[in-house]
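For reference, chains read A, B, C and D in written order, and residue numbers begin at 1 within each chain.
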Amino acid sequence: MGKKNLYALAALTGFIVVLPLVIGNPYYLGIFIFWGIYSLITIGLSLLIGYTGQISLGHAAFFGIGAYTSGILSTRFGLSPWIGMIAAIFLAAGLAFVIGAPALKLKGHYLAMATLAFGEIIYIVFNQWISLTGGPSGFGGIPAFSIGNFSLESDFSYYYFVWGIVLFVFLASINLIHSRVGRALRSIHGSEVAARCMGVNTSGYKLKIFVFSGALGGLAGSLYVHFVTFVSPGTFSVMFSIVLLTMVAVGGMTNIWGAITGTAILTILPEYLRAFQDYDILIYGAVLLGIMIFLPEGLVLGVFNIMRKKIILREVEEEKLKLKKSR
Amino acid sequence: MNPLLRIEDLRKEFGGIVALEGVSFTVIPNIIKAIIGPNGAGKTTIFNIISGIYSPSKGKIWFKEERIDKLSSHLIAMRGISRTFQNVQIFNNMTVLENVMIGCHPWTRSGFFSCVFKTKGNYKEEKKIYSRAMELLEFVGLADKRSLFPSSLTFQQQRLIEIARALATNPELILLDEPAAGLNARETIKIAELIYRIKEEGISILLVEHDMDLVMDISQEIIVLNSGRVIAEGNPREVQNNEKVIATYLGEKEFVKDKKP
Amino acid sequence: MVGVRKNRLRVVGIFIFVMAFILGQGVIFQGFAAKKPYKIGGIFAITGGASFLGEPEKNTARMIEEMVNARGGIYGHPLKLIIEDTAGDETKAVNAVKKLIYRDHVLAIIGPSRSGTTMAVIPIVEKKGVLLVSCAAAEAIVSPVKKWVFKTPQKDSDAVRRIYEYMNKKGISRIAIITGTTGFGDQGRKKLKELAPDYGITIVADETYSPKDTDMTAQLTRIKATDAQAVVNWSIVPAQSIVPKNMRQLKMNIPLFQSHGFGNIKYVELAGEAAEGIIFPAGRLLAVDTLPDTNPQKDVLSFYKEEYEKRFKESVSTFGGHAWDALWLVVNALEETGPRPEAMRENIEYTKEFVGTGGIFNFSPEDHSGLTKEAFEMLTVKGGKFVVLGED
Amino acid sequence: MSFFSQLLQYVFTGVAVGAIYGMVALGFNIIYNATGIINLAQGEFVMLGGMVMISLTTGLKVPMILGFFISVGIVTLIGAVIERGAIHPLKNPSVMTLIIITVAASILLKGGAMFIWGKQTYTLPAFSSSTKPISFGEASLNPQTIWILGIMAASMIVLAIFFNFTMTGKAMRACAANKLAASLVGVNVKLMVLLSFALSAAIGAVAGIIITPVALMDYDRGTMLAIKGFATAVLGGLGSNIGAVIAGFIIGLMESLGAGFISSSYKDAIALLVLLFVLFIRPGGIMGTTGEEKFKK
C-alpha cells in the first residue's frame, strides 16, 4: 500500500471514529450505519466491476440471501446471530460459486443479463417460498447482535461495530489490490487473453473475486437484518442491484475509494432529497446517465481531473502572458 | 539435442475455412526461429494455438516432451512459453511497472489470504517480484518510466513493455508476434539487438515478422507459410533461394532486399 | 476540445449549485420554524409499488392539518405535519421514523402504509416510547398488543369472516382462491385458509399471481377445471382487475368475491364491464351514497368524501380513510391531554365510540385495533359504482 | 373441463403472451444487429407505446387508428432521442459503459413516465367492438389475441420488406455483417445506429399498444418485459428475427403450461431459468460464436 493510501485511510478512520462523537443523533447514526452496510457490498462490487471488469446486475440477491439466512436462523431456529452471520457469509459465497462458475464464462451483455436473471429468480424465491421466508409479508422480531451480555442494540455501539468491520474489509481490499492477486485481477480487466498468456488463471480469479464479493454481500445482509430487525423481499429487488451499481459508478468504478464515496453520496443525499420524494427514480436515472456520459471516471476523480486540467490550463495561459510581456 | 517445442501435423479450421493444414516443425533450445509468409498465411494462428488461445482441430504439440495442446493458456505459460501480441495487448489500467510485475505471476505463489493479510511470505515475494520487474525494465531501457501508465508511452515503448512482461515469466520459449511492425529503421535495429540479447540469456525465440531485413539478419532458422501450409524450411539462405518461396513472394516488395527507404 | 471541457465544467457547476441549494434549503426550513407548533409525523408509501395507499393517506393528512389550523389550531398551537415517504421500503421507513423522532421530535406518528414497514419501525417507537397509529392492516401489528402501537384499518380476518358468513348463507361451500403475491395478498391467503374449516368451507384450488402479472387465464383455467362454486380474488394491486376480465373471457359464471383491497373505484374502471356483480367486504365509505341515513357513520363519511373529492379532484378510497381515522385519534388526544405522549397514549387506549371512516372504534388495553367485523359492509358493483349489497 | 380443452386454453394464453415476448425480442435484435448493443431500455419502449396510446385515445379522444400511428411515431422519436443523447456522444465506449448507460436510460424513461402519468394503472378499450370471447369447445379465445397475432405478423412482413428490399434496410444489414466494410462502401454507420434505435422503439411501441387492452399498463412494466424479451432473443439466437418469434411462442407456452399444469407460483421464473439454461449450456453464445472467434474480432 502506498503512502497516499495510508494517509487517506488514517484520515477516514479518524473521521469515522470522531463522527458519532460530534453527531450523536440516532437518526444520523442510523444513516451512517446504512452507509457502512452498503459500503461492504459496493467495495465488493468495485473489486468485481472496476478492477476485474466483470459486471453484476444481481448483487442485491447476495445481500438478500445473507439477510434471510441470518434472520431465519436467529428467529426460527433460535441460533445466535453470530452463527447466522457466519452461515450468511458462507451461503452467499456458496451461491456465488454455483452461479458464478457458469456465468463468468460469459462476457459483457450476456454476463449482465445472466446476473440480472439470477437476481430476479432469487427475488421470486424470496416471495414464493412462503414457508421459509414468510413470503411477501416478510417477518420480524429478529434479535440484535450481542457480545456476552452487552447488546449491540443501540445505534451508537452498532455504528462502531459495523464500521469496524467495514474498515477491516476496506483495508483488506486495498491490500488485495496492491498485491499479486490484485494485479492479476486488474490484468483481466486490461486484457483477458494477455492475462492468460502471462500465466493468470483468469476464470479462477474471476470466480474467486465473484465469490468474495458475494460473501461481502452476505455479510452486509446479516448486518442489515440484525439492525432493522425485519426483512421482506422488497428490499432485494433488481432495482436495488441497480442502485448499488449507481453507487459504484458515481464514486468511480476504477477506484475502491470511489465505492465508499459513491455509497456515502447515494445514502446520505436521498435523506436530503426527501423534498423530491416522488422523483427519486428520475434523479437516479439522470445521475447515472450524466455520470457515464460526462464523468465516466466517477464524480470524485472526474471533478478532481477537471480541476487539475483547469489549473494547468491557467498556468499555461500565465506562462504565455509572461512570455509576451518579456518580449 | 531434444527439441524444446515439437509440433506435429497441426490443423485448424474456423467454421469450415481451413487456416492451417499439416503444419509440423520443431524449435530447438536457444535459437531464433522465424515464421514468415504473406498476410493470412496462418502465422498468428500458430502462435494462438501454441499459447492455448485456440485449440487445434487436429495435431499434437509437445513442449519439453510434454503434450500441451490440451492445456489452457495459463498452464502453458506456467510451463515456460511466453508471448507478445501483434496488436499490443498491454494493461492500460496499470502502471508500466505493474505490467511487468504481472509477468512474474507463474513463478510466484501468494494467494488471496496472504495477499489480504500481507503475510511475511507475501512481503518477501513482493520484494522479489519488484526487483525482477525493475531488472527487466532496465533490460529494455524503460526503468525511468515505471510509474507512468502505458497510454502515455510511444508504440515502440509499449512493445518493449510487452517484451519485458513476457520475459518476467521466466520463459524458455518466447513467441514474438511482429515485434518490429510499425517501427522505423532505427527502432527496428534496437529491437533486433534486444532479441539477440534475449537469446543470449538462453531463451529460444519464435518470431513472426514481416520485416525481411530483420528476419534474415537475426534468425537461424526460418519457416515459410502459405495458405496455412509450410512451403519451405531452413536457414535464411536456403529459404531465400527456394523457388516456391520466390513464387509466393513474387511482387512483394518487402522480400526484395535493400529496397527500403 | 475546449468546447467539450467547458460543457463538462458547466454540468459539474450546475450539479454543485443544485446540491448546495438542496442542502441550504434544509437549513432554512429549520431556521424559520413557527412558534410552538405541535409536530406530528406521517410516514406513508407515497412512491413505489404501494403508492396507491400512501398517496390518498398523505392527501388526507394534509387536509386535516389545514382543517385544524383553519379553526385556530389546538388551543392556539398550530398543527404541523411532517410527512415522510417510505416508498414501501423498510430501510427508508426506519430512517424516516428515526428522523421524525430524533430530529423533528414529533409527538406522535401516523402510518406507515404497509404492514411490512410498520413491523420494521415498531421496535424503534417501542424503545423510545413514541405513539404510532398505523394505517396498515396486518393483525400482527396489534397482536400481541404493543404498548405504543395502534392501528386503524379493519382486520383481514374480519373481512374473511364476512365473506364466509355470506357464503354460508348462500350455500357455497367449495371455493377457489387466487391471491396476489404481495404482503396483503399473502396475509389474506393465510386467513382464508385458516378460517375456512370454521365455516365448513373447502378450498379446492389455491392459485397466486404476481403484482406484475399480465394474464391470469392459466391460473383461472385450473380453477375452471375444479368444481369450485365461487372464486375469491384477494389482492390490493391493480393486477387484480385482470382476474374478472379473464374470468369473463373464459366464460366462468360462478360468483367472484374480492377483498377490501378492491376498494378503489379505479379498479372497477380497469376491469370494465367484467367488474359488475363482484362481491366484497369494505368499509362503508365506498358506498356512502347508498347507505341509509340512520347509519351512525353516514355524516362522517359523506363529509370526508365531499371534502376529499373537492380538494383533490379524485375519487376517495378507503385507504385515505385510515389516515383520517388515525390522525383524528391523535388530534383528539392532543386536544384532551396536551402534548404529553404518555397521556395521549392512554387517551387513545381508552377511546370509546369514536366514529371514523373505517367503523366505530372501541379501544382497550387488550385491543389496539378497536374494530369488529361489523366495520365491514358487503358491497357489490352495479353500473360501475359501489353499492351496498343488502340482505337479500 | 376436459384435459384437451384445458390444454387448448393454455395454448391460447401462451400464444398471446409469447407474441409479445417475440416482439420485444425483435426490438433487441434490431439494435443488436446494427450496433452490438443490448438495449436494456427496450422494455420501456413497450411501456411508452401503451401509455402514449392511452393518453391519445382516452385523453385527447384521437381515433384508434390515428392514435396508433401517432403513438408509434412519438415513441420512435423518443428512441432516436435516446440514441442521440446517450449513445451518440460516447467515443469508443466499453461494453460496461454501454450496459450502464442503457440501464440508466431505462430508469430515466421509467421515472419520466411516472412523472407524466403517475403511478396509476391504465387500460385501453379492445380493438374490436365485440369483446365476446370466441369459443372452441370449452376453451375460449379473446378477440384481442387475434389482433395481437395479426399485427405482429404485419410488423414482421414490414420489417422483412424493409430489410430485404429497401436501400436503407440493406445498408443496416450491411452494418450488421461488417461495420468497417459497410462504412468503406459509403454506408453512414452512425446514421444506421440512430435508425436502429428508432426502429426498435417503434416495434416496442407497437407491442405496447396491442397488449394494453388485455394486460393493462403502468409506468413500471418495462423491466420484466425487457428481461423476458431478452430471454426470448437469446433462446431464438440473438440477431435472428425468425428465431425470436419462434422462441417467443416457446417461452409463452412454457409459462402458460407451467402455470397451468405445475404451479403458478414460479411462473415468472420460467423465462429466467430458460435464459440461464441457454446461456450456461452454450457459454459462447447461441449464434455459435465461440470464444475464439470473439477474440479474432
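Brief remarks follow.
What we mean here is this: a residue touches a chain if its C-beta (ideal position, glycine included) is under 8 Å from a C-beta of that chain, and two chains touch if they have at least 3 such contacts.
The shown structure was predicted, so the numbers you read here are calculated from the model rather than taken from an experiment.
The most distant chain from chain A is B, comparing centres defined as mean Cα coordinates.
Chain pair with the larger contact count among C-D and A-D is A-D, by C-beta pairs in contact.
Between the Cα centres of chain C and chain D there is a gap of 36 Å. The centroid of the Cα atoms in chain B and the matching centroid in chain C are 71 Å apart.
Put simply, the C-alpha centre of chain A and that of chain D have 32 angstrom between them. Our note on geometry: chain A versus chain B, Cα centroid distance of 40 Å, whole angstroms.
Under the contact definition stated at the top, the residues of chain D that touch 2 or more other chains are 265, 268, 295. Touching two or more other chains at once are residues 47, 49, 181, 208, 210 of chain C. Counting partner chains per residue, chain A has residues 124, 128, 193, 278, 281 touching two or more of them.
For chain B in complex with chain A, the touching residues are 51-53, 72-74, 77-78, 82-83, 85, 89-94, 98, 101-106, 108, 110-112, 115-118, 122, 125-126, 129, 165-166, 168-169.
Residues of chain C that touch chain A in their complex: 5, 7-9, 11-12, 15, 19, 22-23, 25-26, 46-47, 49, 84-85, 87-91, 94-95, 98-99, 101-103, 115-116, 119-120, 122-123, 138, 140, 181-183, 185-187, 208, 210. Residues 49, 53, 55, 57, 102-103, 105-110, 112-114, 116-118, 120-121, 124-125, 128, 193, 238, 242, 245, 249, 253, 278-279, 281-286, 288-289, 292-293, 296 of chain A are the ones touching chain D in the complex.
Every residue of chain A that touches chain C in the complex is listed here, in rising order: 25-28, 30-31, 34, 124, 127-128, 130, 135-138, 140, 224, 228-232, 234-235, 269, 271-275, 277-278, 280-281, 290, 294-295, 302-303, 306, 309-310. Contact residues of chain D toward chain C in the complex are 1, 6, 9-10, 12-13, 16-17, 119-123, 131, 133, 135, 140, 142, 211, 214-216, 218, 220-221, 224, 255-257, 259-260, 264-265, 267-268.
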